[in-house]
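Before anything else, here is the set of structures, which you'll find just below.
Two complexes are shown next, each including chain A; its partner changes from chain B in the first to chain C in the second.
Right, the complex of A and B next:
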């Protein structure tokens, strides 16, 4: 198991290196102007050149990459002239904000997904199963930004129950934050509910069909006891899917964060791309990549913990 | 100060979402008719005329949903373009001269700010400013001539410890005319320009004076977290990306704000701003989706629309055919159905027949401008030998409040052009790329493939308005005459205006410049943005100015 852990962690390095090179190259071929937001409307060519030099943008691309990589390896992601803050600081704040949203979304999405999937599997072929299928298909099919807009119309514009956006309306405090969190969390959880419910249902049904379930029945276990055994055996694929969902959520959703003015990682990277703020883009994408890899690693480890067959194979 | 950047994070997806929600809200809510502005002078509309003049109370907390994606960073030149200056710049800082935005009847000129008076040398090159006494920064330190020197050293003196390349970049055009500056005594400073420059006060009005002590204490990098100006509001709370709360500077030398608190929230998505206003989360929303205007009016909100120096236009590639021929350019200008365009955006803009709107002193009254006349357009095309088969490629930005609603507006343009026999290939570009095009010009290899581009500059000051039509500003030597249009007569007129120190006479020369330029049509104006914002009826005392920024000191909230 330790060997696998080391091997997996070692694979992270080339992945991240590859990601950073691809992002760097993409940024260099993307049309646009990294100084557009910093220069006056009619700034002269000399002003432009001076600013370019001060930001190190006049170096050739490979030199810039090597500089960036060298600094990044020492934990220095540089300074964002657009946001007037250190990139590490910016990413830290944005990641915390996204984490809040992701944890809430994951709790709602995966929690409801597992519950609905289980209900559907237990009531296979009956009305409840069909209802869950409809809900799950809706979750998968309806774009999250659409759900977000509907939620805003209903709960903010019409009912006036919840604030339409932001993390705070100036009040502060836990209740204020929670009120701002509810709609974005539900909107981004919608897909997770659908995906998890379908996977849970399919996995449970597949496991119900296995021989050991007949044995359990023959031993006289109750339906609930059987479900417990089945669920443990069915958990592995659900865990994989849930891990992917958490990975996506932690990467920050551009659409949800923009619609709800949630200052998370997705919004930060999106704004950085619009401004061609390459240091934030580079570091931001790396954070997303690292998060994704680590979440998947954690999922793999969890699977080893719950499934002895996998432990043997490892 | 990149004022033309405004809020542009909102890309196509946001515009799409805005349209969707606008339609939905229309479906949900009642609709009523409201009166748009009338022609003749500047267009304006205030739902409740008494709200602006009501000075019967004071106090309250005003919460504003900005279209900015972030809280403007409160440095000497705040970020987030026009909104940065509107909500943070003019509230937190003063300049040596300020804008008189406490009136909406005329485009604001400059009035005494931190300088209470000034004089000019006989050769018109040296300007001497007498500074206001007894003014303190929000950090409690005194404002004096040293603070002015510090502010300009920060922008102009490269070996100065607190020189800032980013701040210089933001203020580059405002300091371009300054040859030297000096402290005469503790209350007097002098500036010498490198040529006679009658626009100098407009330049100075855009240069904020920050607290030298705050910058020395925290350094350039950390200063924005401790920003300190002399303005009517001071920063009480600032959370990057989330919220800024301003409170009155009770020691302000001018009118102390009536509000108890001013809260700024970034909401780049128009639909979210609209819902935030309707739910009571905010009292003021910048540029909500135009589809919701009628509904908001019917619900008793104050829908404010007023002309201000901000036009949308198509800039032509005059370097090559077909737009090297003025007749073809004029044909396009006559072929645009501006009223139709205005209808598409629900009256959030007014038809632009010149770059400057009616009522602006720089509009040329002797030129009637470009009205919709497809027959004339076809005739001009025939004269130019382009009656049929003309195909053009037009670049346009995909979104952004300052660009209005470019998707539907450009589709309307495409349709109008088809009617006069021009086939338009529309190329959507990210806003950042359109700015790059504007800077590099249409002769640059990257952008020479475009025949025209859609743009929306700030035209509040003479240089902002007209630099794009001067020969010396053709890239790469200068910035940013993107169309490459050149006229010795126009160059001479501008120089003459810069050398004319009587305001009325200078404005007349600028109007002549406008007329000369518009007749030859390096650009085809489309609509004047009417600065759409919607206020709750509780907001009192806000005077919608003919300006990108305004005066918050008279605003208060009714219970």
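Right, the complex of A and C next:
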């Protein structure tokens, strides 16, 4: 168990290094002037060269990478001339906002997905099963940005129940927070509902076909008791898929956050891209990718906790 | 004895004359045809593709020219079946023309990624060893990025444009296809006919091309077909953000974004482009599911 734990943790290090290299290279090829906004309008070529030197931009690429990584490890992502704020501050605020949205959509998406998948598996081949598969297929196929617009049209433009965008400032209490949260959370949850429901159904049905279920039935357990045993054994692949969904959601949806003016990571990164604010882009994407890797790590460790068979496999 | 064997003997020739032996593809086609949803979805895709190509024959309007006096007409307005957009251009015309670009940006990345991903995955799965490990670990690195975020980041670094968004989505799809190809190859290389080919003196390249590829095609094909719907959604999403097609060329994602200002005045016209994206992506996914059953692929 311990060996497996250490081995799994050690695997994260090269992945994270690779991620940092990809992020760094991606942004080094980004067209645009990294000094834009830092130089005065009438700056001479000498001024420019001096600034480049002071920021280390004239160093060779590997040297710049090591410097950048060293700073990033200490939480120093530099200064955004476009926002006139420290990049670390910007990312901290945006990450908290995205976390709020991600937790809400994950709860809706994975919760409904597991429930629908279970209903479908229990009613296999019947009307409810087919209904769920249509819902799941819709969830997987529907563009979240279109769902967002539909929700705004119905609940904001016509019914006037919910605000069309923005995040609660915290002054309106819990109800106001929820009112701002519900539409973006549902719009980004649709994919998770579809993916989780399909995996839940498939995994339950596969487990129902195993021999131990016959034994349980022979022992005289009720359908509900059997479902509990089956669900525990079917949880592993569902957990993997759910973890991936949480990772995606924590990355902040650029489209959903842009449509609902939600001040999260996705919106921050996208606006930074438009403004060529390259330190924010670089640090933002790094944060997203590292979060994604760490969520997957947590999921793998959870698998070891819930499934003793995996522990023995080491 | 005779009484037992005669009936079966008498029956078999009759069966053979009634049911001609079918080729493998014939068998697959028959199995696909039993999936009503799959056939229906294939029909929807065919209609979208044909009307996109034949758009100039189907509508008298110019997709790029609008009339300022006819801005944002509702669905069913005289002369404009699906209304007009914010520049007074006929919606139906633009939606049909837009199908061209949207279908291309949906299928091209999958095609490119399938070719490159299969090459990488099959090579890694066949060779294994250090080279295989390096290939697959470098794929894993791209896996660490959420797909849509990666596509947006790549498209943004390359600059807006259709070609760049196709390239961006291709890069997103290469790692998962490479994984499917690698896993399938690892299973195939253990089989006897690969050993037989190796013993008969075939080179590695020849074995991969002539033996491995043919036998890993099904899982890759089914997996890739499932990416087309996603590709259409991501490509339109990139255009929605202004990273894809350049205006005034009609494209569903871009149209959806430019009509956002009209959701309070003409909501039903404003949602039409999204409906087309949704219908196309859903049809692709339903076809892919039917293909999976017809080809009897379980692990793609």
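One rule holds in what follows: the second predicted complex is superposed on the first by the 275 of 314 C-alpha atoms of A that agree within 3 Å, B and C clash if a C-alpha of one lies under 4 Å from a C-alpha of the other, contacts with A are read in each partner's own complex, and residues count from 1 in each chain.
Rule of thumb we're sticking to: a residue touches a chain if its C-beta (ideal position, glycine included) is under 8 Å from a C-beta of that chain, and two chains touch if they have at least 3 such contacts.
Just so it is clear, the structure is predicted and the values come from calculations on it, not from any experiment.
Residue contacts after overlaying the shared chain place A:82 against chain B, while chain C stays out of touching range. Once the two complexes are overlaid on the shared chain, A:141 sits against chain C while remaining clear of chain B. By the touch criterion stated above, A:253 is placed in contact with chain C alone, chain B being left untouched.
Between chain B and chain C, the partner in contact with more residues of chain A is B.
By the touch criterion defined above, A:50 lies against chain B but remains apart from chain C after alignment on the C-alpha atoms of chain A.
In the superposed pair of complexes, A:261 makes contact with chain B only, with no contact to chain C. Contacts of A:289 after superposition: chain C is touched, whereas chain B is not reached. Applying the stated contact rule after C-alpha superposition, one finds that A:169 touches chain B and leaves chain C untouched.
Residue contacts after overlaying the shared chain place A:94 against chain B, while chain C stays out of touching range. Legend: residue contacts after superposition of the two complexes on their common chain; A:19 is shown touching chain C, with no touch to chain B. Overlap of the chain B and chain C interfaces on chain A: residues 31, 145-146, 149, 152-153, 157-158, 255, 258-259, 270.
Across the complex, chain C meets chain A through its residues 137-138, 140-142, 144-149, 152-154, 156-157, 159, 229, 233, 236-237, 240-241, 256, 260, 263-264, 267, 270-271, 274-275, 277-278, 281-282, 284-286, 289. Touching chain B in their complex are the following residues of chain A: 31-33, 35-45, 47-48, 50-51, 54-55, 79, 81-85, 90, 93-94, 97, 145-146, 149, 152-153, 156-158, 160, 162-170, 255, 258-261, 263, 267-268, 270-271, 274-276. For chain A in complex with chain C, the residues that touch the partner chain are 14-15, 18-19, 21-22, 26-27, 29-31, 137-138, 140-143, 145-146, 149-150, 152-153, 157-158, 247-248, 251-255, 258-259, 266, 269-270, 273, 281, 285, 288-289, 292-293. Taken in their complex, chain B has these residues touching chain A: 1-5, 8-9, 11, 13-14, 17, 20-21, 24-25, 28, 61, 63, 65, 69-70, 73, 75, 79, 165-166, 168-174, 176, 221, 224, 239-243, 245, 261, 263, 265-269, 271-276, 278-282, 429-433, 435-436, 439, 446, 457-458, 463-464, 467-468, 473, 475-480.
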